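Chain naming follows the written order as A, B, C and D, and within any one chain the residues start at number 1.
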Amino acid sequence: MSSSFGRLFRVTTFGESHGPGVGAVIDGCPPGLPLDEEVIQRDLDRRRPGQSSLTTARQEADRVEILSGVEGGRTLGTPIALLVRNQDQRPGDYADLAAAPRPSHADFTVEQKYGLRPASGGGRSSARETVGRVAAGAVAARWLQAVCGVEVVAWVEQVATLGPAQVDPATLTRLQVDAHATRCPDPRLADAMSEAIAAAQADGDSVGGVIGAVCRGAPSGWGEPVFDKLEAMLAHAMLSLPATKGFEIGSGFGGAALRGSVHNDAFVARDGGGLGTATNRSGGVQGGISNGEPITFRVAFKPPATIARPQRTAGYDGTEVDLIGKGRHDPCVLPRAVPIVEAMAALVLADLALIQRARR
Amino acid sequence: MSSSFGRLFRVTTFGESHGPGVGAVIDGCPPGLPLDEEVIQRDLDRRRPGQSSLTTARQEADRVEILSGVEGGRTLGTPIALLVRNQDQRPGDYADLAAAPRPSHADFTVEQKYGLRPASGGGRSSARETVGRVAAGAVAARWLQAVCGVEVVAWVEQVATLGPAQVDPATLTRLQVDAHATRCPDPRLADAMSEAIAAAQADGDSVGGVIGAVCRGAPSGWGEPVFDKLEAMLAHAMLSLPATKGFEIGSGFGGAALRGSVHNDAFVARDGGGLGTATNRSGGVQGGISNGEPITFRVAFKPPATIARPQRTAGYDGTEVDLIGKGRHDPCVLPRAVPIVEAMAALVLADLALIQRARR
Amino acid sequence: MSSSFGRLFRVTTFGESHGPGVGAVIDGCPPGLPLDEEVIQRDLDRRRPGQSSLTTARQEADRVEILSGVEGGRTLGTPIALLVRNQDQRPGDYADLAAAPRPSHADFTVEQKYGLRPASGGGRSSARETVGRVAAGAVAARWLQAVCGVEVVAWVEQVATLGPAQVDPATLTRLQVDAHATRCPDPRLADAMSEAIAAAQADGDSVGGVIGAVCRGAPSGWGEPVFDKLEAMLAHAMLSLPATKGFEIGSGFGGAALRGSVHNDAFVARDGGGLGTATNRSGGVQGGISNGEPITFRVAFKPPATIARPQRTAGYDGTEVDLIGKGRHDPCVLPRAVPIVEAMAALVLADLALIQRARR
Amino acid sequence: MSSSFGRLFRVTTFGESHGPGVGAVIDGCPPGLPLDEEVIQRDLDRRRPGQSSLTTARQEADRVEILSGVEGGRTLGTPIALLVRNQDQRPGDYADLAAAPRPSHADFTVEQKYGLRPASGGGRSSARETVGRVAAGAVAARWLQAVCGVEVVAWVEQVATLGPAQVDPATLTRLQVDAHATRCPDPRLADAMSEAIAAAQADGDSVGGVIGAVCRGAPSGWGEPVFDKLEAMLAHAMLSLPATKGFEIGSGFGGAALRGSVHNDAFVARDGGGLGTATNRSGGVQGGISNGEPITFRVAFKPPATIARPQRTAGYDGTEVDLIGKGRHDPCVLPRAVPIVEAMAALVLADLALIQRARR
């Protein structure tokens, strides 16, 4: 509890980084959607460790197998179970964890909550848990694109103190984002970000950053007041990701400093009929319901807790120790977080789209 | 869908600002808790309009009636239904809404979603919907205090560009917060905030701001990985509030700029046994589970969309109009948002506490 | 937990028989449905005590008030809160309950579960709790009729050993059912049933029976394999009613004795296209999904536990006592159970209809 | 939707009989429970086809693999994913299904609901779907036994017109049930049942029957009024099984014929303290809450729809055909239904036990 997310398009993830495998079961994907393993593999490859020198050295092919719910290349409307077997397990790397919990990692809280210490330390807190999210999100994204014409694009907006990246959310593509190893599509910043990550790694340290994201093509009417507003579901989804510390929709914290006369988005007649807004400080959402404008949001990621430098901290017994991180961890999760953020956004939107379809 | 929140401590709210009343049903409150209407009324009075010159002129006594679930001054363990009747309804104020949706309000999206235009414009998007939340949150807070020794305190940290307030989250009390009409406990800022709100009102305008909050006394072990992490549930709860644009836990967006060696919270032996952390950039949460430190978070509120100044915008038919806001609305929601944020935090914590109790 | 039922058309009931009132909140009723208090009152009047000499002498006008979710005679798509105030409370009737739990009543189990003894004994186990179900079911039935052309009709099929009633489920109307105080539409049995109930009452005793029901007009495709099959949801709904002991769909327990070649429902071409079945032992459901035939089911009710005759039983302290029932209770719940069974069936169907609408 | 069942002990099943495999994910199993594949395999072997001449000739080793949630022989408190690969697939057996839906099978309704025809006809309606239930139920049963001292035993009570079996629910063991291939522990009936099944098979026909079950050792206090009463959850669980047509708790339909003075279960002082009941017509449940007595219930199964004899029925296009069943199907599902009923009962009880633990 609780490894499930969503109501009508519902995903349940499973798996430890040091067990046989990780995966997801999607319940509620509509029938008849063209789907095969390649659609899912594409997004898993974007999340996969070992893509570049910026990411962890852990090598995982991360090949997905569809266990159910698809026949003859189309979804049946039944649960779609997805399995990715683990390959490069080295539990020995975690032997030192027996004595002291890693600072700002989940070792301590997992032990407090469950009364045990998994071999991997934080158990399901591992970034590897997101494999199931990305696999499921790929299916949601497929449905959104095929049936609703909706696409989600995320990018690296800030690394350490470098940012924000300047991008045009109206036109940015995943191809443009993936063109640079950092997944920052602003050419003025991307190389500096690479260098900042490399410098941190050289120092045995880590850096955080911010992901920006946009959902384009969503019609008005998605989002369920009052508790399941679109931005509430997005915030829930994003803050459920490992290492996230903040979420903003539209103008976010910056909007809090403005006056209403400046912040309000005036309506304008759209070409082709209907109303749009002249500005989009609302981030595509008003009263928790999409208004037809691009949905824009940002997610803050802290620097990874596992670092190679010695850290002075207390062991489980209270005695001070100098802890040195082992294991293979990213000095910066931002580049790999891009497909993960996209996946969670797709899961939110697919679910809210289905709920709205039931209504009218 | 969906006006319910929580799993084991579950609240369902109901009511329109221009109908007979608003309220909530709480399902899952444990039996035997001392409870009467005064406990709830106290928080409703803190949320009530008309408390000071800073808030809307709408007059509502907001007297709560307990309809069920309490007998002889104690909860029965059955649903607790709470009703607050509306008194000061003036639907005529909204007659102009027939022609044009108010910018950045929910008039347009509600019409798009439900295919109709409620008399009040945005229907359940009204701040009045939060009456039910505050009433239910008062019950959750009562249980948290009586059974778990947990308390939640929120305060106004920023109004417009004024802030952040300097407070000591370890000791701050609701009494201190309520001492000033702004609910900003930083004496260097409170008066300036009052003036900024008054100035905006004089201009027929509105201002936004930021609420800070702390939950003290929560033990380690609350929060359900992977999708219902403590910070994910808080983010969901806060972004479900009207006018919110952002959420941060602990270091938040600022933490994204730091290196891991700086950001990590080293463990230290606690007096009396167990481990604490020397710093609290984690905001009391690691891996989605509380670690026993104070849980700290911030919520950004945009300036209210309804302003008295004319706004150039488009009517439903696409023709441009100058819209002038009527109705009675706060120039700044921050002071009244304090008990609302506290209520939602209490609902999240009570729910996660019960779920963890089931486990061990 | 748990006073809510349904996913997309979701009802939450509240209220004790000896508190201020009982009611329900419906979340998820689609917008634009014509609705007023009279539609709901009609079904409440059919459930109301004191309708005839066959029912409890408790006098309750049971007037419903719509607190939210309806404006100008149409649903808003927001939560519909319904309140019925209690009037004829006589908690003194229950004073004897302090010493001994009533046999086969919920006094003992409620005390064991919640650690307290409500003034009314069984708390929410009271038949009065069904007021909220009937009110909510009336709204569901309204939607089913207006949007889907579906109607639900239940009737008394057996009282004590009298039955089964012979009826034509294809044509039976609520008017025909209500024509006799027993709500048994078989003229050969109805008077004998009245007499059996009166005889039991004269003996200070009670009798049970069976309700039959049919849902007509449901299209094929409703019901959610594998756990929320149509018959599973109906069984859940019916066994959640006070005093129920059994549920059958279609051929039921009798079908267990047949061979497959006899039991199978052969398909036949329907006039106007599509397939129907020549027989309907399936009860309108195959594989948990409606097949377009009438949905037929039966529900067994035990005799009411509260009887006027002295019963030898043990007090809370284990000593034997002769317990004599007070309070005002029906000698037979069957006549009043008819609208309650109809209400629960309507709630199940409305929910499954909405879920299927989301899919295609 | 919806392949999940339960709230705190929640199982999600997946898999088609003609795809790569079937399985389940359990979310919410408490941490620290000793568990390995053998515990699960034992129950799967009892469900497995090909155990005796009474069951389908389909050969499946049904070896389970634990993919997650268990480390060092103990549960982690994280999702437990269980996979059983399919081996003996013969989709060619179903080629004839293209023209006509099998009577009383799910071919037609699945096509109506999802708009497609899976190779296997009824998709998830296959009895093979219950593999995931049995695997998950084995884990629930393990927890119930280890932590609560609860055990569930089911048996074949009736086959065709033979029955009811005479058993002592207070002492019956699974070993006694499994001693005969029919799983009927009444020696006066078991052989006759075997013969009845063999006779039906020889005729190319099938027979139905009734399963009886008892849950022993459950304390008072389990079950959640008002909608999730213990008997309501059991009824939901049982009617979600393929081929079920009825459910009874305690006295069931027979109880409907009795008077209250006969039906009521008088309380008696228990040796060792507390109250029990002298009789158990309530079936261990009063007001939806367990009372500490054995929980007894019965489930009716129809004869399998697939038979070898030709059946006159209509094709999808409405023309009449003589359909002859192929595939490998049980002439009677009762013997194999025993572990399936036990599994579902265990899932219900584990869930309700956890919910009650949260309360007190």
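We take it that a residue touches a chain if its C-beta (ideal position, glycine included) is under 8 Å from a C-beta of that chain, and two chains touch if they have at least 3 such contacts.
The model shown is predicted, which means the values in this text are computed figures rather than measured ones.
Participant: Give me the chains shared as neighbours by chain A and chain B.
Facilitator: C, D
Participant: Please work out which of A-C and A-D is bridged by more C-beta pairs in contact, and write that pair.
Facilitator: More contacting C-beta pairs are found at A-D.
Participant: What is the distance, in whole Å, between the centres of chain C and chain D, each centre taken as the mean of its C-alpha atoms?
Facilitator: Comparing mean C-alpha positions, chain D is 26 Å from chain C.
Participant: Indicate the whole-number Å distance between the mean C-alpha point of chain A and the mean C-alpha point of chain C.
Facilitator: The mean C-alpha positions of chain A and chain C differ by 46 Å.
Participant: Distance from the CA centroid of chain A to that of chain D, rounded to the nearest Å?
Facilitator: 39
Participant: Among the residues of chain C, which are close enough to touch at least two other chains?
Facilitator: Those would be 1-4, 7-8, 13, 31, 77-78, 113-115, 123-124, 225, 355, 359-360.
Participant: Taking the touch rule as given, give the residues of chain A at its contact with chain D in the complex, in rising order.
Facilitator: That would be residues 1-4, 8, 10, 12-16, 18-23, 25, 27-28, 31-32, 65-72, 74, 76-81, 83, 113-116, 118-119, 123-124 of chain A.
Participant: Give every residue of chain C touching chain A within the complex, in rising order.
Facilitator: Interface residues on chain C, with respect to chain A: 7-8, 30-31, 77-78, 225, 354-355, 357-360.
Participant: With touch defined as at the start, can you tell me which chain D residues reach chain C in the complex?
Facilitator: 1-5, 7, 13, 100-101, 103-106, 108-110, 112-115, 122-125, 129, 158, 160-161, 200, 203, 205-210, 220-221, 223-229, 231-240, 242, 244-253, 255-261, 263-269, 273, 275, 277, 281-283, 285-292, 298, 300-307, 309, 311-314, 316, 318-319, 355-356, 359-360
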